[in-house]
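Going by the order they are written in, the chains are A, B, C and D; count residues from 1 in each one.
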Amino acid sequence: MIAGLPGIGSVAWLAVNHLVKQLKAELFAELYSPSFSPKVWLSDDGTVKPAKGDFYFTRSGGVGDFVFFTATEQPYSPEGQYELADRVLEFAEQLSVKRLVTMGGMATDRFTEPRRVYGGSTDPSLMNELEKNGVLKLGGGSITGTNGLLFGLAKPRNVQAICLLAETPGYLSFDAGAARAVLQVIAKINGIQVDMSDLEKQAKENKDAVDRAREPGKGWGKTEARKPVSDRELSYVS
Amino acid sequence: MIAGLPGIGSVAWLAVNHLVKQLKAELFAELYSPSFSPKVWLSDDGTVKPAKGDFYFTRSGGVGDFVFFTATEQPYSPEGQYELADRVLEFAEQLSVKRLVTMGGMATDRFTEPRRVYGGSTDPSLMNELEKNGVLKLGGGSITGTNGLLFGLAKPRNVQAICLLAETPGYLSFDAGAARAVLQVIAKINGIQVDMSDLEKQAKENKDAVDRAREPGKGWGKTEARKPVSDRELSYVS
Amino acid sequence: MIAGLPGIGSVAWLAVNHLVKQLKAELFAELYSPSFSPKVWLSDDGTVKPAKGDFYFTRSGGVGDFVFFTATEQPYSPEGQYELADRVLEFAEQLSVKRLVTMGGMATDRFTEPRRVYGGSTDPSLMNELEKNGVLKLGGGSITGTNGLLFGLAKPRNVQAICLLAETPGYLSFDAGAARAVLQVIAKINGIQVDMSDLEKQAKENKDAVDRAREPGKGWGKTEARKPVSDRELSYVS
Amino acid sequence: MIAGLPGIGSVAWLAVNHLVKQLKAELFAELYSPSFSPKVWLSDDGTVKPAKGDFYFTRSGGVGDFVFFTATEQPYSPEGQYELADRVLEFAEQLSVKRLVTMGGMATDRFTEPRRVYGGSTDPSLMNELEKNGVLKLGGGSITGTNGLLFGLAKPRNVQAICLLAETPGYLSFDAGAARAVLQVIAKINGIQVDMSDLEKQAKENKDAVDRAREPGKGWGKTEARKPVSDRELSYVS
């Protein structure tokens, strides 16, 4: 299972959604939680979209079955984050998931190129495998949020898990470059081919916008890339 | 089922209570929740009224059965709002409700006349039906609160649902004009006749009060219409 | 059942504890809740007293069985207050309690003598009975807190209930005069004799202290009466 | 069972971990809670460590079986603290634990030497036993936090329990001197031998650092002793 919820730089959210699209994975289960924010979203066609988690399945990667999990948001309460992570892991066990990959961003306050990817795992042999694939070891520190809890709570369930954090400047809402960096590791580890052209185009747009913003007299014109629907500005209190 | 809890301009609360009264619907079930505010209200005759949700039933509309749901307040915690919406929808399924109508106000900061009504739905064909009845499409944005959750969480339960938002200036506590605008759409869609004279009288009083307040030297004299008991000022901490 | 938790002026707490002592009621059940404050108290002999609710029983009033409920504190969260009230009422039903009396203080900001007692009830005929015994009708307003919830949530359980609020100045932590006023009504309604001398002595001490404080050059010397152990100042964070 | 969670001066945490190490106790059960903070920690080797409680067992003390309980942190919500304490006590009952020892620090704002140890118990005879071993009686006051709840909630479960609080200045994060003071009492009461040399060395380092800090022109150089992994500074929001 490859799981990633919205978080810093939307790294995990972008990466999982990219994989779902490229590997033509299909939605097969949804997860609702009272600890999501108490609002619903509207599509362009006027249909409603409640906050939820989505499970997708594919075998089109050519190297076995993949389950993906992502969500429209992270639960806003700490208990809600624990409960969501626990439910996803419970479901992963029921699906006999062998290995869980979670991911996220690591704020650097700088625009690094290429983005380095740091990682941790549930056991040392997996960590070795990650380091052989160019991942830097997270030796110490903590990971906050649902992506971290999914990773950490896999351990008492005896589900092998790794967590990959790509460097991201804190100021990008949708850091396609960081998502690409994480996906390159995931593709290598799992032996799958993933077309990155969309993410690369978006990453270049981000970088160009940041460069323009740094030119004298330009200011921060357009540093944010395309936004998903959930980031629109209209909001009604019913 | 036609459901509306107190919210901005009390639009949904006024509309559902008006329908209950006009269609002589009868209370048949009550819902209590630990996420209502921890207080109880007193009637003029000294009897106690705890915070609660009320389900009413009527077939006096002449075009089938109607269930109404309203409550004395919205749960104050987000989790409580989810839980209340979920319980109401669970009950709606048990009652074999075919279609859910929720509603609310959309703050415009201006006094618009007539009030436009915006809407969303659980599927595109319902949206078309709404647009044919003069409802403007909510294409994008989000709806916060229990009225929105009732609407959005109907979708995973496969209950057809629509949500209607009437324009309301933010400063009216009880906007009868917005309630009337929403009810006109509901009456049209459901083929029922609803006497609006009470709401029209109250709407006129509101408008006159606002007009008076705008005259030089008058100030905001009496902009709020009749208040329900729950808005009285006496409050004792026992 | 006669129930009263700590609250404004400790009116209900003082009254129920006085009845328990005077009628020699015996502790027969305890109630613990995770929504009490996360601390434990120590007695003079070094033994520990966790926060809890206590149920007492007596038939020494001579006019039937009485169950009393009080607690060391009110739950600090609104949900906790609902849950405690609901548990107490559930237990009251199991005990076949016929009538519930709850009580509290009503802040007046003044030292009124005698203290007036206001009341509400679950049905109008009970309200009449109260008025015949000198209780003023609470026509409107709201009662906040667990004492109010016990009263209000008795209604959907079809347990007859009344709530009595005695006037209390906000600045007295332990208003024995208000407790006495409430107890006089309870004694009259239930046809029991209660020795009030302890409360009267304490009420006089309170009044004298307030009078002294108002004399020029004296200030607020000793306006608080004897405190229960839970109000001591020593507090350790373990 | 000897139980101690992180708290003021990390007294209980240091003491239990010292006993676990010295008595070669082995981990035999883990406890997870959604009310721990929503983050996971990384070891030096890159493996993940979720927040959790640990139960250890040993009979190497030579005077019977010992179960130890400690945790990486205290639950951050009051309800979570109650729930954790309740679960630990439930498990203690299942393990037929005869006596529970909890502990903590008592802030004195001064560096006292030797540290006095105060105590409370679930019954007066135990308190006598403590006083015979040099423990001062906690006559009044309250103990806040999970260590206090473990102590207090043992009472309704009819588990004999004592709580020991060692004096600690508030400004030491890891007060080995206070941990040693508590352990000396525990060793005496239980008739076990515990090598304190590690704690004594660390206590001396703390004291030297505080003394140096008080010399003119030195300032607060190095008042904190070795920190456990959970106090590192790296923290990533995924």
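What we mean here is this: contacts are C-beta pairs under 8 Å (C-beta built on N, C-alpha and C of every residue); 3 or more make two chains touch, one makes a residue touch a chain.
Because the structure is predicted, anything quoted here is derived from the model rather than measured.
Shared contact partners of subunit C and subunit D: not a single chain qualifies.
Each step here moves to a touching chain, and the least such steps from subunit B to subunit C number 1.
Two copies of one chain, subunit A and subunit D, touch each other, and the residues they use overlap weakly: the shared fraction of interface numbers falls below half.
If you average the Cα atoms of subunit A and of subunit C, the two centres end up 54 Å apart. Subunit A and subunit B have Cα centroids lying 38 Å from one another.
Shared interface positions of subunit B, i.e. residues touching 2 or more other chains, are not present. The set of touching chain pairs reads A-B, A-D, B-C, C-D, using the touch definition from the header.
For subunit D in complex with subunit A, the residues that touch the partner chain are 30, 32-50, 52, 76-77, 80, 229-230, 232-238. Listed in rising order, the residues of subunit B touching subunit A in the complex are 7-8, 12, 78-79, 81-83, 86, 102-107, 119-124, 127, 130, 137-149, 151-153, 155-156, 161, 163, 165.
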